[in-house]
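What follows is a pair of complexes built around subunit A, which joins subunit B in one and subunit C in the other.
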Partner chain A sequence: MEALKQKAKELLQKGDVKAVLGYAVGTGNVRRPHFARTPEQVDRLVLDEKCTQNLATYLTKHEVKHLGKVAVVALPATQRALLQLVAERQLRDDAICLLAMDGTEVKVLPSGAAVEQHLALKTDAMPTADKAMIEKLMAMTREQRWAYWQQELSRCVKCYACRNSCPMCYCEHCTMDCNRPQWVPVASHALGNLEYHMVRAMHLAGRCVECGECGRACPVGIPVHLLTFFAEESTAKQFGQRAGHSTKLDYALSTFKPDDKETFIR
Partner chain B sequence: MADTFKLTHENLDGLFAVLRKDGRRVLAPVDADGRTELNDVEKPGQVSKSYIQTIMSAKDVVFPKVERLLSYTTEPGSVELHDAEPHALPTVLFGVRPCEAKAFGALDAVFNWDYRDKFFNARLEKMAVIGVSCTKADDACFCTSVGGGPADTKGSDILLTPIDGGYLAEVLTDKGKAIQALAPQLFTPGNGVDKAMIAAKLEQAFDQPALTAKLPGMFENKLWEGQSLRCIGCGACAYVCPTCVCFDIQEEADPKQGQRLRCWDSCGFSMFTLHASGHNPRETQSARWRQRIYHKFSTYPERYQMLGCVGCGKCTRACPVDMNLREHLVEAANA
Partner chain C sequence: MSRIGVFTCHCGENIGATVDCAKVAEMCKHVPGVAHSVDYKYMCSDPGQRMMQEAIKEHNLDGVVVAACSPRMHEPTFRRAVSNAGVNPYMCEMANLREHCSWVHEKNDATTQKAADLIRVLVEKIKHNTPLYPIKVPVTKTAMVVGGGVAGIQVALDIANGGHKVILVEKSPSIGGHMSQLSETFPTLDCSQCILTPRMVEAAQHPNITLMTYSEVEKVDGFIGNFKVTVRKKARKLDEKLCTGCGLCIQKCPNKKISDEFNEGLGTRTAIYVPFPQAVPNRPVIDTLNCTFYKTGKCKVCEKVCPTNAIRFEQEDELVTIDIGAIVLATGFKLMKTEAFPEYGYGKHKDIIDGMQFERLASASGPTAGVMKRPSDGKEPETVVFIACSGSRDRSKGVPYCSKVCCMYTAKHAMLYKHKVHSGKAYVFYMDIRAAGKDYDEFVRRAIEEDDVKYIRGRVSKIYEEDGKLIVKGADTLMGGEPVEIKADMVVLATAVQSNDRSEELAQTLHVSYDTYGFFAEAHPKLRPVETNTGGIFLAGACQAPRDIPESVAQASAAASKVLGLFSQDQLTREPIVAVVNRQAGPTYSYCVGCFLCQTACPYQAIEQEQILARNGEVIKTIARINPGLCQGCGTCVATCRTKAIDLQGFSNEQLYAEIMTL
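Now for the complex of A and B:
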């Protein structure tokens, strides 16, 4: 922890970055995102197993971009999201400065290539509880699954915490907010909720880095991350590629390749 | 001064039965997968034993997340309009906290300000509140900083405070008396317990009148930008808030028919004040965050002579990035 703070202060003092984004202790000992712009603010940084948030979400926000270059204390999920953001041309390589822990040592990862290399050493298996839940859902009949999601989504109030906490939901004009024409009902009724969550899951198929942030962000505890996890797993199975592993990735669902194994496309 | 009685646990069982027999649904905090939800219950045994607050507020009883205001059908040359009627169910809210009970006053201020909203009023009329005093508070609570208290009676028709063997029951309003009249034998004479000794102790965190007085001079303060930097601009805070009253009117229509809906909205959303011209007077998240504070602590007192915040802390608990309202208000008060 001291090494991390020291590195953060060093980066700020040298002027390499304008802010260090990490975690701090919040209400009732939870962990919250924390922007340190002064050495005193660096002292509030913590990093432990309670830190879960995917901080890559902030890197595409106007207010954060305005700060200048930001160093990010990056968990593996944050690193994956960052690689995917580079692949989708939302971040430039020279905007990258990640602080990753390697044992007790702090590594500064200054480029997409460095992040790729660092991540290759990590395993990022889906949490067992989520995996088990997806298996349980897949073992259900279609009617049972339908009933399960109807029940879960009935609690949705369309606060969009799932969308706004997602590092890959960076669109400035989200289809959900589009009113000319209005593609999806704004109202949080059964149809509006279902359409929203279906669109969200499909839009993240092949792009979800499986951080689970959407599910954690949901104030009413709907496991919405299972939808995007499943969409990502299906894409990985069918197209042989995963989001968040490389700075160069063609989006599986919108890329044409002459050597595609399907014949209908030729 | 309220009439004070004792309501034993057994008699509360009886009261629930009597209320349901009277045709009212009873909504109360219930434990569900680690969350506390407001659900329909039959018996007090179903009510959560350890909750501080429900996640969502009870506001949707009077101000649902989606309300149909009217519908219409169109044929060549004619339109037929149908007024919607509120589907208001007789409801008893049991176990809401004093902060939340008080919050209905802040909703009332808007829905009956320059126009009497028939949907809100129809629902409010059929609702009664049996509040339960808090015996504990958490780091998100700050009712005592905004003129409330863990055993405050305002907004409750009957306020219960836990005592040995049951509750101290204060019957406060005509609606409360009507509930008592359904089964007067269940309310036994009180024994003069001092509820202040039982209620949670919560120190005042900031001087609210002083904060309200200084806010107009703080519009350009850098504080808002710093506080809002981690805000992700979702609507969780507004949607769990018992006083947030903003709504959006949506039209769902096809060439033959349509309906007009009132849906919850949030000042945290980037499109909340977006003009048709493309101009947005609250272009940044910090401007939107400042709006949230000002609306509750400056505009509300100015316009309605009350606060738009009851200090329940639901926003803090629901926030995915832990925007702690109490902490931010303390910062503003000290700025």
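Now for the complex of A and C:
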């Protein structure tokens, strides 16, 4: 922790970055994002197992972009999100400055290439609980699974917290906000909810970095991240392409490779 | 309020017998926005069109729905008619009452109701239509022909004689293709080289033709009239301008035991070589895989003996990008190898050969100078068995289609053999004799009747070696399946004609379709046999399906006439059905967030980057821009874009939504 604060202060003092984005303690002892713009504010930074939020989400916001270069305390999922954001041209490679923990040591990752290298050292498998839940769902019959999701999604209040917390949902004008024409109804009724979540899963297939933020953000506790996790895993299995592993764009859904299996056609 | 006219056509009996057209016209009168609705027997006829034009003037219509046949059939007709009456042609839509209704349903009320619904949908669409204007694009009047076989040569000559520049790209060191390997040709038995080589020379010397041999197409961008083709000129390791083709290098090359492709492995060649003496251009290439210098770093004998110092060991492949208006594919075929047949010994018997090997044995310029000698020991074969349909029409082990040329060349082979070995015996195993063509059946009859070739209808189940003979075991199905056994000295398999190696890759590079077997697909099997589905790309010869020479040449001339037709215009008019990226006032400027996931989705490379600049020149936002010259209006980008920043003109989100919501 001290090493992290030390590095953060150094970066701020040298003027390398305008702010350090990390975690601080919020009300009720939760961990919330914290922008430290002065060395003093750095002292409030914490980093423990309660820090889970994917901070990459903030980097594409106008307000944050206007701050100038920001160093980010980055969990592996945040790192993946950053790579994908560079690939999708939402961040410039030279805007990257990540503070990553490697054991007790703090590493500064100053570029996409450095992040790629650092991530390659790590294996970050999907949390076992999520994996088990996906397996459980896939063991169900189609009808049971359908019933499960209808039940779950009927509770959705269309607050869009899942969308807004997602680092890859950076569009300024989301399809859901599109009203000429209004393809997806705004009201939170069964059909509209289902449509929203199907569209969201499709939009994240091949792009989801599997941080699970959407599921954590949901105020009514719908495990919506399982939908995007599964979409991402299917894409990886079908096309061998994964989001968040490179700064080079390799989007399965808009590219064609002669050795694509195309099993979904036959 | 729109003033839309609805014109329901009976299409004679086609629609009228199943759909109550008068009722449809009546029902449509009550659809909001419809100002006029009538039905008529033949809307596309002259009186029909005139009626429409008068109605447009009389009722001051601003949009038209023609409820008739498929838009593929008559959309241009009706759009022209509407335009002549002063309404923008893209304010005219067609409801397909024929293919989508009368042809697929029974005559009843529901069918009539569906017809009315199909019209209603388009009335709603037209309310959201905007006038569109055709896009004009220039035409580069240079053609590229890919593949220099007989088909490619013919295309090139025809276009060049029509007065336009042609670039002929051939992947091997010489043009000529398979025909240059043939000995004599059916059905006339004239010498293949004698009729082909003058054409090859003519192509090489034609002022309008540029030969690019030992070259391959690497990349194709652009669209009809405006392709940009990148060609890889493989390094010959030779300065072609200095080389005089004297052949000293070939004589002196110490590496002489390389299997010769032109002679189908029946002869040998050197590491620096020309494929055959009549090659065009008559310039050698160094086969770097087999050259001693590239393997060991020592030799360079050719460099030493070359009188003009033309050898260039350091030469690298060169990439050239050329502006091209039309492309003709003429990349030919390949022959299935004898290795493919387990029942015939997997190609391990030297005396079981394929048809092309036989051509080389029979050719005066071949490895035996045209004397019949079997490959294993050079003896004259006394009995030869020819097996037609080896791999063709064989669903289980080969290809299901008929290779078309084998019946004919097998008859030719048997005849040539008999002409060379008078005492010899020739047997042909066949399934059916397919000899449809001018003088073709007569040709086969001649083999049977005059040259005493024994035709046995049946399959060969097995061939094995015994005491220096090949035992051919088969059955004669005309004799009730009676077993037949022939002791042969040589067996010739008429192996299947297949699409060329890497043809699918080439098709993908050019964005043309291909069939299950890798043959390039024509746009319409009957009405557009030499066009592909991609505008400006045409087909000739055996790259499309197995073909003989007369057919290949005829098709080549057909493709050339298509190209000449295209080149007769200075500008092409294109449909304005193209995609556009949304633009609006700041601070958003566009729904596009510049992720460029659409860029890789576009099959026509039509999506570019555009910077939105502030007054002081600062980049505010980088967004996608669609080049209307390149866009083909496929709509893939529209589906890809998550933020719905792209709309297809004429098929916008609003138009489609309006259509769906009326139902």
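Assume the second predicted complex is superposed on the first by the 255 of 266 C-alpha atoms of A that agree within 3 Å, B and C clash if a C-alpha of one lies under 4 Å from a C-alpha of the other, contacts with A are read in each partner's own complex, and residues count from 1 in each chain.
One rule holds for everything that comes next: a residue touches a chain if its C-beta (ideal position, glycine included) is under 8 Å from a C-beta of that chain, and two chains touch if they have at least 3 such contacts.
Note that the structure is a prediction, hence the values are computed from the model and not measured.
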item	value
Subunit A: partner with more touched residues, subunit B or subunit C	B
Touched partner set for A:G103, first subunit B, second subunit C, both or neither	neither
Partner chain in contact with A:P33 - subunit B first, subunit C second, else both or neither	first
Which of subunit B and subunit C A:L253 touches, first, second, both or neither	second
Subunit B versus subunit C as contact partner of A:N164, first or second or both or neither	first
Subunit B versus subunit C as contact partner of A:P181, first or second or both or neither	second
Partner chain in contact with A:G15 - subunit B first, subunit C second, else both or neither	neither
Which of subunit B and subunit C A:G240 touches, first, second, both or neither	neither
Intersection of the subunit A residues that touch subunit B with those that touch subunit C	none
Residues on subunit A engaged by subunit C in the complex (per definition of touch)	88-90, 170-175, 178, 180-181, 183, 203, 249, 251, 253-256, 258
Subunit A-facing residues of subunit C, complex	504-505, 508, 588, 591, 593-601, 622, 640, 642-645, 653-654, 657-658, 661
Of subunit B, residues touching subunit A in the complex	33-35, 37, 55-56, 65-66, 138-140, 225, 228-230, 232-236, 238-240, 248, 250, 252, 261, 263-264, 266, 269, 271, 284-286, 316-318, 320-322, 324, 327
Subunit A to subunit B touching residues, read off their complex	26-28, 30-35, 53, 57-58, 61-64, 155, 157-161, 163-165, 177, 185-189, 192, 213, 216-217, 219-221
